[in-house]
Every structure is written in structure tokens, then in C-alpha cells.
Amino acid sequence: MEMQPGQMAYDRASTVFSPDGRLFQVEYALQAIQMGGTAVAVTYEAGIIFVAFRNLPTSSLAEAGSIEKSFAIDSGLGCVTAGLIADSRVLVEFLRVEAQRHRLTYGESAPYSLLGHALGTLLQQFTQFGGTRPFAVSLLLGGFLGTTPGLVELDPSGATIGWKAYAIGRNRRAVADFLEEKVTEHLSEDAAFKLAVQAVAEGSPTPFLAEALDVAILEPATELRRLTPAEVARRVQGMPFIGAPERKGNGR
Amino acid sequence: MEMQPGQMAYDRASTVFSPDGRLFQVEYALQAIQMGGTAVAVTYEAGIIFVAFRNLPTSSLAEAGSIEKSFAIDSGLGCVTAGLIADSRVLVEFLRVEAQRHRLTYGESAPYSLLGHALGTLLQQFTQFGGTRPFAVSLLLGGFLGTTPGLVELDPSGATIGWKAYAIGRNRRAVADFLEEKVTEHLSEDAAFKLAVQAVAEGSPTPFLAEALDVAILEPATELRRLTPAEVARRVQGMPFIGAPERKGNGR
Amino acid sequence: MEMQPGQMAYDRASTVFSPDGRLFQVEYALQAIQMGGTAVAVTYEAGIIFVAFRNLPTSSLAEAGSIEKSFAIDSGLGCVTAGLIADSRVLVEFLRVEAQRHRLTYGESAPYSLLGHALGTLLQQFTQFGGTRPFAVSLLLGGFLGTTPGLVELDPSGATIGWKAYAIGRNRRAVADFLEEKVTEHLSEDAAFKLAVQAVAEGSPTPFLAEALDVAILEPATELRRLTPAEVARRVQGMPFIGAPERKGNGR
Amino acid sequence: MEMQPGQMAYDRASTVFSPDGRLFQVEYALQAIQMGGTAVAVTYEAGIIFVAFRNLPTSSLAEAGSIEKSFAIDSGLGCVTAGLIADSRVLVEFLRVEAQRHRLTYGESAPYSLLGHALGTLLQQFTQFGGTRPFAVSLLLGGFLGTTPGLVELDPSGATIGWKAYAIGRNRRAVADFLEEKVTEHLSEDAAFKLAVQAVAEGSPTPFLAEALDVAILEPATELRRLTPAEVARRVQGMPFIGAPERKGNGR
Amino acid sequence: MEMQPGQMAYDRASTVFSPDGRLFQVEYALQAIQMGGTAVAVTYEAGIIFVAFRNLPTSSLAEAGSIEKSFAIDSGLGCVTAGLIADSRVLVEFLRVEAQRHRLTYGESAPYSLLGHALGTLLQQFTQFGGTRPFAVSLLLGGFLGTTPGLVELDPSGATIGWKAYAIGRNRRAVADFLEEKVTEHLSEDAAFKLAVQAVAEGSPTPFLAEALDVAILEPATELRRLTPAEVARRVQGMPFIGAPERKGNGR
Amino acid sequence: MEMQPGQMAYDRASTVFSPDGRLFQVEYALQAIQMGGTAVAVTYEAGIIFVAFRNLPTSSLAEAGSIEKSFAIDSGLGCVTAGLIADSRVLVEFLRVEAQRHRLTYGESAPYSLLGHALGTLLQQFTQFGGTRPFAVSLLLGGFLGTTPGLVELDPSGATIGWKAYAIGRNRRAVADFLEEKVTEHLSEDAAFKLAVQAVAEGSPTPFLAEALDVAILEPATELRRLTPAEVARRVQGMPFIGAPERKGNGR
Amino acid sequence: MEMQPGQMAYDRASTVFSPDGRLFQVEYALQAIQMGGTAVAVTYEAGIIFVAFRNLPTSSLAEAGSIEKSFAIDSGLGCVTAGLIADSRVLVEFLRVEAQRHRLTYGESAPYSLLGHALGTLLQQFTQFGGTRPFAVSLLLGGFLGTTPGLVELDPSGATIGWKAYAIGRNRRAVADFLEEKVTEHLSEDAAFKLAVQAVAEGSPTPFLAEALDVAILEPATELRRLTPAEVARRVQGMPFIGAPERKGNGR
């Protein structure tokens, strides 16, 4: 991120606008998100596919399953995240509690757009009050209106946008352009899966192993299902971008 | 915004006046609002038209409906906003709660000018107490006195002004001049709609697609009605400024 | 306001005296008040006339009535303000609540000097405690001792002075000198009205429209009565300084 | 006040000693007090005379009576102040509440020295805790031990000293020297009055009008009695320093 | 750690992102951890071996047992730490209380991954809220899923990763590479012990005494068992890297 | 106090150590104490003599008795102070309340050493927590163990030392050396009185009037007795250092 | 302590790590401790000897007994401290309250290692939260496990280490080396006493008087016994380093 002269005078607190009305700490949080892996969500006829690239330690000793990018929130509600792992955990915990609160009060699943707004309001507070920093997380929250799948994107500013398919994290814009071009109406689950994996590959500068992918499927009225490494490996077989890993130390 | 020598000494906190009595953080918040799309509200004989330009991602995958610029507050109460999306959500939520509180206490809709003053007082606090920043939102709140429509404009300072028709956001002054020139007494709904759309077009540097417009109609004692994309498309047909979109990446 | 060397070291917090014992933030708040329109209050035999110049948007679409400079506080109590609109609203709200509290406790209208002291104490706190800024408002509070009208002036420091007639806002000193010269004992309402309007005209660098004037009359044991634009227009007819407006954009 | 090199490093918070053990903000508050008018209290056989010079607006429209420098606290208790008007009001209010609290608890007037210590403790806190500034007020509190009149002087540091007669505000040292020279035992009320007025005149660089004087008399077991302008005018007649006022604008 | 120009502007508070989205205080805390000894955990068929190098004072007067690097948390739960001793104690205490809370609520041991997430959330808060610093501790928390051993690694950011075997503290990356190469399936306890000790030796620049090792074994449903110095000495006998200590003063 | 290069970086808050482990604000508070008069306490067979030099205003109008340096705390408990008057008052008030609390709880006078530790703990807190400054007071607290008199010295750091005789305030070291040389066992009250007065004279750069001395005597189980000016004048008659006062303005 | 370039950027708050992971304020607190006298604790067969050098004022008027370096905590629990006197008092008070709390809850003396951890946790908090400074105290806490004596050392970081014998304060490392060399198993009380006194002498640059030593003995299930000056003088007789005092003014 190139800096303009004078920028440093305004970029060290969430509670300060720059003369041209920017909140630099929010922009820097977005920068932190760009440093992590790409994550993609694609809706299809019957559900939503979440695929995320995990910055896996290349060690075989790591429990790949412990690096979660997709999370179940409630029946028919799930999300995928990009950004700081520990920040993501806080937001996912917030979504789960909100979802339970709604279920207890109204006796039904929380509408995903309502949850998205609640999370957006939480995120906004971290951009307006001092003594804290914005969350460095982008998040695609998926759910259903009846049986129609939908996605809400959240970023550190607390803004929300709805999507049929979208990308967050590294190379987000290029990956989103890819999706824009390829996503069609009436995708089957398999087509959506393939598209999502290809999209994540678009965001990755190098080939990667199947186990680097965190894949999850969300269908109405059921819990988000994360695919096992074996399932993922089987389904991505033969895809050209699934290469031999380059060894990079222990990961972080 | 051109800076004067010495300005930087006073522009980093809401709680500091400059020697000539200015609150720079409030002015910078207005600057942030100028960066978003234009929004317009026009009263006509029987109601109020709200039209806002949405900085839509150009992707067909975006759910245009999820980018809301106009909001229902209560029966016969609605608003349109310009500025930061997440800040707007907080203010709209405040208005809705205030409206419900009034309804519960007095058994009737809150007068729109009363709601406007309550919101102005909230906004003012964010310009006088430390550890926070002003809201980067301008807002046109509409309602009825009996059956006479009226508008209150709110800006980050918390000041309120009443209008028959007005504009906020990008190129606000030019668009307001346009309205000043064109708005007449006894407008029909359709005339008001056309005027409002033209006004938003005045604020836009380039032609835009019909779906970039968030259009809503408020009539007495009924909920704000947001037009569907189809309705909007039908009603703007043939207007010269509705052009082919220029592609600009994914939006933000 | 010309700055002295070293002044900047002491002028950024209400809680810091300069070496010569000045509180610069209070002085800067006064500077903010000078940027708004002139307001005048003149007592006459049976009541008080409040006249204020409103920085009206020149648009015919603005609801002139929504820009209030004079406010009813309680029966036989009213005020006129100069300075930031949103700050004024907070102070007027404080006065109204204080007046109601007194009425509930003692079963009678609050004496205007008592209310003035209560408001002065509120204003003082914003000059002594950190994390906030002084209010940028001057205010003339009017009421009656028996049937004798009286005024208390309040400024950002919280100081209070009683007056028979006085001016606040733009060119305050010159307008006060004008009043000093012209005000006599036993003024009729009409004479007081004419004097007050002339005084406001003294404070204005250019002629203005009748609708730029916010005029209100306070009489004992009745609510402050704000004159309608029509009344104002009728009563100022023929006064030389009521000219054709020069167009100045939309106001702020 | 001449500044020493390095002084600015220590003079912006009450909570910081300079290397030579000074609290500059307290000294700057004293400086603020020097900018106001002189005030004097003189005890005589049967009571205490308080005389203060009021920085009256030269306008005949000002209610001279509204600018109070002497205040009744309780039966047989009163004070005169110099410094910021609004700060004084806060301290006078504190003294009145403390006096009532004592009366309610013990069924008798509070001893004036006890009240003085309570006020001194309040003032001290504003010199030791951060986020605030010292009060810019000096105050002479008068009362009786039996029927013997006495005075306690308070300054921004919270220190207290007892006096038979003393001066605060502008030119305090010269006026106190004058009193030291002139005050004798067994003064009559009239002699004390004349001495006090002369002392205030010593502190004033120019002649002044009788109405510039705020005069009050305190006698045991009665409320402080402020002389009316007419009384003051009558009693100062013929005193040489009561001259024609030089016009100085509207005062502040 | 080499510094880049401009880094100092962003590296003094947890609540500030640098322009490229980094949280320098978290990175500096990791640096503090690198200065302490290496710690290793290796899972084997029936349990987990924890081995840590203790920066023992070389004095024979020190109670080696008082320098703890491995800690029992609850039945079948234990951990090893690297970093500041006093920070570690706070985190271990947190884990113990959380484990008891879970046991009291659900009547069973807390799953180790759940405990890890709870601790991660605590750590995250110290990276987002002001007025504090991150914990300078890395920690390997071990437990069992049924009878299958597992490890969660926590670092100052609050991120969590699962491992079969891993290293924290000095030369963490090199030691982890060593483990990656050597650890195989179906290790016996003895093989795991030898591997872990060798790994710690990899992290140490010089030979060390047996008593420098803090060794503990965790098996399902039993308390963590710390080996006595005699046990350790016996089991490491003949290992090449267990040398004569070089004398280094009193330790810290 | 001569400053070392770099000192200013660490001397503006109680909560910051300098690199060589000093707390400069505590040292500056001691500096403030050196600017006031000397105070001395000398134990003798049956009691304790407290003598303090009062920086009396040279005016005959001052109530010398109002400038207190010695204070009764409880029966058989008293103290003398040096430093800021208002700070001293706060500490004396603390001691009185603590003594009453002890009396109410245990039905006996508080041991003076216990009171000293309680006060020391209060003083310490003002050297460790931010947002405040240390107290600028040294204090000699006297009491009895059975009938044996004893003294505890307290300074701004909160440290306590017991003495048979000691000095605080201006020229403290020289005066203490004088006492060291002159004080013997089994002093009579008169001998102790003379020694204490001589010691204070050692600390004074010029001769002084008898009324400048605040003298008090503490005996077991009785309230501290402050000598009247007449008593003091009588007992110091003929002492060489009691000279004619040099006039120095009004004192402060 | 020599400073490195850039160090000053990170050394003014407990809540800031330097780029190499150091907490400078903790290191500066250790520096403050080095400026005080040496203190030593030596365990022997039946108990613990505590010997501390007191920076006694050289005046015979000082109550040597009032300068305490060793403190009884509870039956069979005691400690010796080095560093700021007032900080030590706070920590000793904490230990006493903790010990009583344990006794009340469990009906037995608190284990010394448990108390040590509790104190360590208190000390740690002052290194992690803002608005305060670390305690400038090192402390050797002694107690018994059954009848076996043991010591825990605490320093400003909150770290704890167990020792058979150790030194804190001035020249700590050299004195500890001395102890390492001389301490043997099965010391008698007298041998331990002699060794401890010799060790303190090692830490002192000059000979000192017997009364400069604070000596205390702790045995199981009894209160710490501080030796009287006479006892100390008798037992150190003939030791070579007990010399004639050099006079150094009044001590501090």
C-alpha cells in the first residue's frame, strides 16, 4: 500500500478521519486480510459451497483439520472467513451466540441477512470507538430464504453486501472477476464445487495440495458439513492446479 | 479539501476547536460522505420519492437489493442515506427504536421532526465527547404532518434543516440547485419520480444502469415501499442518462 | 483571530491554562459563534422581542420554519441562540427539562435567573473537565420577575450577565453599541420590534429577505410566540435593509 | 509572567511537578485571577465589609446587579470572589451546600474556618488529579466566632490563611499593603467601608463609577446584605477616585 | 529483528495496524519467546511427552524443580510453555480454572481443543484492546480425544493449530523441521521421549546437563506426571548432547 | 536541582522509571518541600516538642494562628508537616479518620507506627498509579508506646523511618546534623523546646519573629497542645536568632 | 545501564515490548533494586537465616528498628526484601492477607510456594496493564515443607525461582556466587548465620556497623524472630568486615 504525504498523521486510530474522509486503520485491516489465503463461496440450486485456501504448515505433523476457515453457525447457517485466525474465532463465536439467541426468542433459525446486520453493527463499533482496532476479518455468511441460498459479505468496516458467489482474502478482485465470468444459473453441486476450487486456484500464486483446501457444504435445515481430507482429495483429482507442494518451512 | 497551514494541529479530535472555531473532524466526515453516491428526496402531493445512486459492484453476482440506501422506519416514516454503509445502519437502527418507543408511549407514530431532533442530538454527542469520531452519514428523513409530506436533513454535526426536496452525497450542491430550479408545487408522483431520478443523474459523472438506483416511495400511514428492480427499470426506460455501464472491477 | 507565538502549546484542551491564564478552547468556541448570524433580544414594557438572522439556504425548497433560533422553554420563559445548531439544541433541551423539574417541585415557573445559573454551571463543566469541548453557543434567556421582563446572557465559559437588551453572534459588539444608543425606557412592543430588527440589520453585511428573520415574542405567563413568515413580512415592510437576496448556493 | 527555558515541558497538566517542585497550572490559574477586578474584605467591630470592583459592561442596558462578586452563604456567612465568574459560581454553590449540610447535621451555622477547610480540600483535588484544571478563583470567606468577625482566604492551590482584612484579584499585593498600613483596631462600619472602597480604588488603574462597586455587609446571625446601587452611590459621594467612566466597548 | 523505515510509527500499541496490516507488538512478543529455551511435545501411541529446556541458574543452590515449564491442567490435560515465566503462570491458571468450570458444568474433562479455543480468545483480546500488551507466551496444550493424544499450539496472537508433535521457543523452526523428519507413526513412549530430548538438543547451541530438562508425561485420564531429576538423568544417560555445563553466572 | 541529559524523557509521570531506576516526580515533590519552612520534632522524657517555621505573611492583618504546621490527630497523637499546605491538610485528615477508625474498632488509640504505615501506603499509591502526582509533603508523626515518645518520618515516596528527633523542610540535612550533635538522653521539656527552636533557627537564612514559630507539645493520653503566640514569645525571649523581621511583601 | 539507540522509544510504559521483546520498565525497576542494600537468605537444617544490609541514617537519633527489611508473614512464613521501602510494604501486606485468607479457608498455614505464586501473579499484572509501573522490589520468601526449609525468589517481572540460599539487591550476582561456593549441606544455625553475614559483607563496598544489619531467624511453626541489635552485635563480634562507620550525612 503506497502512502501519501501526510497520511501518517491520520492513520493510527480508528477514531480519526483523514482530511479526505478516509479511515486508514480500516484500510490497513483490509491489507492484513489480503495477506491470508483466498476463500470463496458459491451458491448453487440446493445449497452453498465454501472453499478456502489454508496456509497450512507444510509439516505432516500438523492436524490440517485444526485450521478451520469454514464454520457451522446453526442449522442452515455457515460461513467462511479470511484474515486473522483469532479475530475470526471471536466473530464466529458472536454469530453462534446471536443465532442461538434468535432461536430461543423466536423458535426458528435466524435469517442470515439479520445475522449479517448484527455482525456488521459489531464490526462498525470497532471503527468508531477508541482504544481498540478494527477486526482484520472478511467473512462470507451463508444461509437460506426458504430454500433459496444466499450470501452476505462482511468486511472490517461493518458494511454488508449480498452475493450469489464471491471471494475474500488474497487476490479477491481477480478471483471475483473469475467467478463473475464463470458462474451461471442452475449450477449443480458438483459444478459449483469445481468452480469454487478453480476460483481459489486463481487466487493462489502456486499449485497446492488438496489438503490445503478447506471445503464445506451447506444445505437447508442441516448443519454445515466440512468435507474430510479424503473426500476433498477424491473430488479434486485430476484438476491441473493441484500440484506438488513447494516446501516452505513450518508455515507461518 | 485543501489544507491551511496549522490546520493539522487541530484536526485530529472531535473535542478540539481550531482558532477560527471549526471542528475539522466534522468537516472530514462530510468529505467521506461526498465520496459516496448522490441521494435525493422529493415531496409531492401525496407522498415522498427517495432515489439514491448505489455504488453497485458491477458484478451480476451481487444482490443489488442488499445495498440499501432507503429504509423504512415506521408506518409513514422513512429515510434515505449517503455515507458509510455501516454508520448508516447504526443510525437507522436508532431511528427505528426511537419510533417504536414513541409508539409504545403515546400510541401513535412519532412526528418526523421529533425523530429528526432525537437523531440530531445523538449525532451532536459524537462531535463533543472524546474517544470517538463523528458519524460519516447524511440522511434525509421523511414523514407526514397530517397528510402533508416533509423532510428533515441531518448531517454529521447534528444540525437539522427542513426541506421540500433536497440532495445529499456526491455533488450535493449542484444537485440541490437542479432541484431548486425544477421542483414546482403540486407535483404528481410520476413527475416527482422523474425529477428525482434526473437529479441523481445530475450528480453522477457518467451514465448508469437502472439497477444502480435504489428507489422508494413513502405514503401516509403505510410502510415505505422500495421499488423492485423491474419496476425501476420500467419507469426509467427511455431516460437519456440511463446508459451502458462502464465496467469498474468489483465495486468498492 | 491572530495567534501569538507559543499559543499553540496551550490551545488544544479545555483543561489547560496558558501562562497568562487564558482558556483558548473557550475563546475558539466564541470564534465559532461569531461565524453565525446575529441574534438580538429587547425587553419592552410588556414583554421581550427576540429577533435572529437565520443563515437560510437561499433555496425556496427549504422549510424556513425548521431553522429555529428562538425557543419556548416554559410559560413565560424563552430564549434566542447563536452558534452551532446542534449544540444549541442540547442546551435548549437542558433548559426545558430544568424548567419542568422546577415546576414539578415547586408548582411554579422557574425564575429565569435561576435557570440561567443552572445552565451556566453546565457550561462551566465543559471548560474544566477533559475529554470534551466547550459548547459553541451564546444564548439570551428571557423571562419575567413578576411582570418585569429580564434577560440573562450565557456564553461558552458559563458566565452570566443580565441585560435589558443585548446582542449575540456576528458583530455582537457593534450591534450592542447600536442597542445601547437606541433603546429607551417604556418601549412599546412595536418600537422594540423595529429596534430589534434594525439591530440585526446592523450586524448583517448585506441586505436580506424578511424570511431570513426568526422573530418571537414572549409575554408573561404565556408560551413564546414565534411570528409566522407572513407576519414578519408584513411588519418589516418598508424597512430599508430588507433587500433583494443575493444568491449564495445552498447555504451552509 | 516570564517563562524560563524548559518551563513548557512541565506546565500543561496539574499532575506534573517541575524539577524545582512547582505546579505551573496552579500558577497560571492565579494569573487568570489577576486579570479580573480587585476585591477586598475588611473586618470591623461588628461585622465585615466586602467591596469588589466589577468589570461592568459600560452599557446602561446591563443589569449591574446580575454581576455578583459577593455572595451570601448562610446566616452569618458570606464571601467575595475574584477570577472566572463561572468557576466562582461552582465554589459558592459548594459552600452553600456544605453550610446547609452542617446546619442539618448539627443544628447550627457552620464555623467559617471549617467551611474554608472543606473548600480548600475541594480545590486541592483539582491540583492533584488529571483530566481537569484548577479553579481560577480566589475567595475571601467571612464569618463569626461568637461575634468576632474573621476571614479565610482561599486560592487555586487550596491553601487557606486567616486575615483581619485582605485583598484578592488585580494588584492584590499593592492593595494588601495599603490595607496593612491603614487598617486599625476598632474600626466603625463606616470607617471600614471607606477603607475598603479606597483599597479597591488603589487596585484600579483608572477612576470608576460608583455602580462598578459591588458592596456587601455581613453581620452576625443575619444574611449578607448587598447594598443597592443607590446606597453605594450615596456613600461614596465625594470620594476622589469615583470619576467619570471611560467608555470601553461592551465590557468583556 | 530488522526494522523497516517507518515501522516505529506503528509498533507501540496492540491497537494499531501498520499500513501493510501487521500488528508489531504481537511480533515483538514472539521475539521475547524466542529468547527463552526450546520446548517440545511429541504424541505417541499411548500419550504425550513434554520436554523443555530450562534456563537453569547454574547454581547448585537453585531448586531446579521450582522452574516449571510443563503443567498439569486436569486429568488427561497438560501443557508445556515457552516465554515469560510470569505470563505463563497466568495462562496456566486460566486453563485450570476453565477446565474445572467445564468439569463442574458437564461432569467430564474439558476437550483439549475447546480449552485451546478458550485460551485463544483470551490471548486475542490482548491484541485488540488498548492499555495492555500481548502475552509473551507460546504454549502446547495436550489432551486426548478418547484415547488418541493430540496437541494444540497457541501463540500471542491467539491463533491455534493442531499438531502431532511440535516445538516452541528458541530455534522453533529448526527443531520443528527435525521433528518433521524423525517422527513416525506408532512411536513407543521411549522412542517419543528420546526424540523429544534430541529435538530440544537441536534447539540448544551448547550441550547441557540432564537437570536442565523439564520432562513430563501425560496419559489418558491421569494427571500429568513430571519426571524426577533422577529419572531424567537415568533415561538420558549416554545421549551425546548431554555434556558438562558451561558456567554462566546465576542464570537470568 | 541540576538536570542530566535525557532526564526530561522520564520525569513527567509517577508511573515511569528512568533507566537508572529513579522516580523523578517523587524527587521533584521533595524539591517542593525544600521550598517551605523547616519543621522539627524532638522527643524528651515526657513528651514531644514540635516546632515549625511558618512562612508568615509579614502583615499584622494575618491571623498567624490560621497557618498551622502542627496538628492534633487523636489523644496522644500529633504531627508537624512541611510542604504544600493543601496537600498537608489532606494527609492530616486521613490520619484523623484512620485514628478514629482504629479507636472505634479496638477501643484504644492507634499505635503511631501503625498510623505511619497506613499513611505510607496511601503515599505509595500516588507514586505508582497514573493520572495523579505524589503528595508534596514530609511529615513527622509523634505518639507514645506506653509512655515512651516516638516519631515516624514520612516522605512523598511513602517510606517511613523512626526517629528520636528529626527535621523536615528547608535545609533538612543541616538541621538534622545539628540535632544529632545536640540532642542527649533525658532531655527536660524546656531543654527540648530550646533545642528545637535553635534547630529551626539553624534552618533559617535570616533572623525571625517569635510569631513565625508554630510550637506544639504532645504528652501521653492528652490532645496536642499548640502554644499561644504569647507563650511562644515569652519562652523564646532572649534567644539570639529571634530578630527584627525583614519586610518581604505579603508573604507568598 | 547503558542505553542502545532507539531504546527510548520503547522504555516508557509497561505495556510496550521493544522490537527484541524486552520490557524496559521491568529492567529499570531491577535497576532501582540494585541501588539499595544487599539482602541474603540461607536455609540450614532447622530453619532460615535472613540478613539484610540497611541503608541506615548514620544518626544515633534514628530508630534502627524502624527500618525493616525482614518481615513475619505468618507462623513459619517470613521474607526479606530489597528495593523501594514503600513498595515492599505493599507486597508484605499482600502476603500477610493472602496467608490469613488461606488459614481461614483451609485451617492451616499457606504453603510458601503457593504464596509465592500468588505474589508473582500480582507482580505480573503490573507489567502488563497500563497506567502504572512495576514494583521495584525483589523478595526472598521463606517457609517450610513439613520441616524442610525453602525459599522462593520474586522479582519485578513476577517470575519465581526456588533456592536453598540466595541474594537480592546490590551486587546480587557476586554475593550469590559467594553463597554458591560456601554453602554446604547440613549447616548449623550458627554456620548459616556467619555465612549470611559474610555474604552481605561481600555485597558492601565498605565496612559497616553491626547495627546496619537486619537479622531474622525463621523456624517451623513459629513466628519470624528478628534479632535485637544487642544480639546482632554480640554474634558478629570479631568479624573483620564489621568496621567503624564512615559518616555519610543523614542517610537517604
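Think of it as A, B, C, D, E, F and G in the order they're written, each chain with its own count starting at 1.
Following the convention adopted for this analysis, a residue touches a chain if its C-beta (ideal position, glycine included) is under 8 Å from a C-beta of that chain, and two chains touch if they have at least 3 such contacts.
Keep in mind that this is a model prediction, so the values were computed, not measured.
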item	value
Shared interface partners, meaning chains that touch chain B and chain F	none
Centroid spacing, where centroids are CA-atom means, of chain A and chain E in whole angstrom	30
Centre-of-Cα separation between chain E and chain B, whole angstrom	55
Of all residues in chain D, the ones touching two or more other chains	130-131
Chain contact topology (line, ring, star, complete or other)	ring
Complete ring sequence of chains beginning with chain A, oriented so that chain E follows	A, E, G, F, D, C, B
Chain A-touching residues of chain B, taken from the complex the two chains share	1, 3, 7-8, 11-13, 24-25, 28-35, 57, 59-63, 65-67, 84-87, 89-90, 93, 126, 130-136, 249-252
Residues of chain A that touch chain B when the two form their complex	6, 9-10, 14-23, 113, 117, 120-121, 123-124, 127-131, 150, 152, 157-166, 172-173, 176-177, 179-180, 183
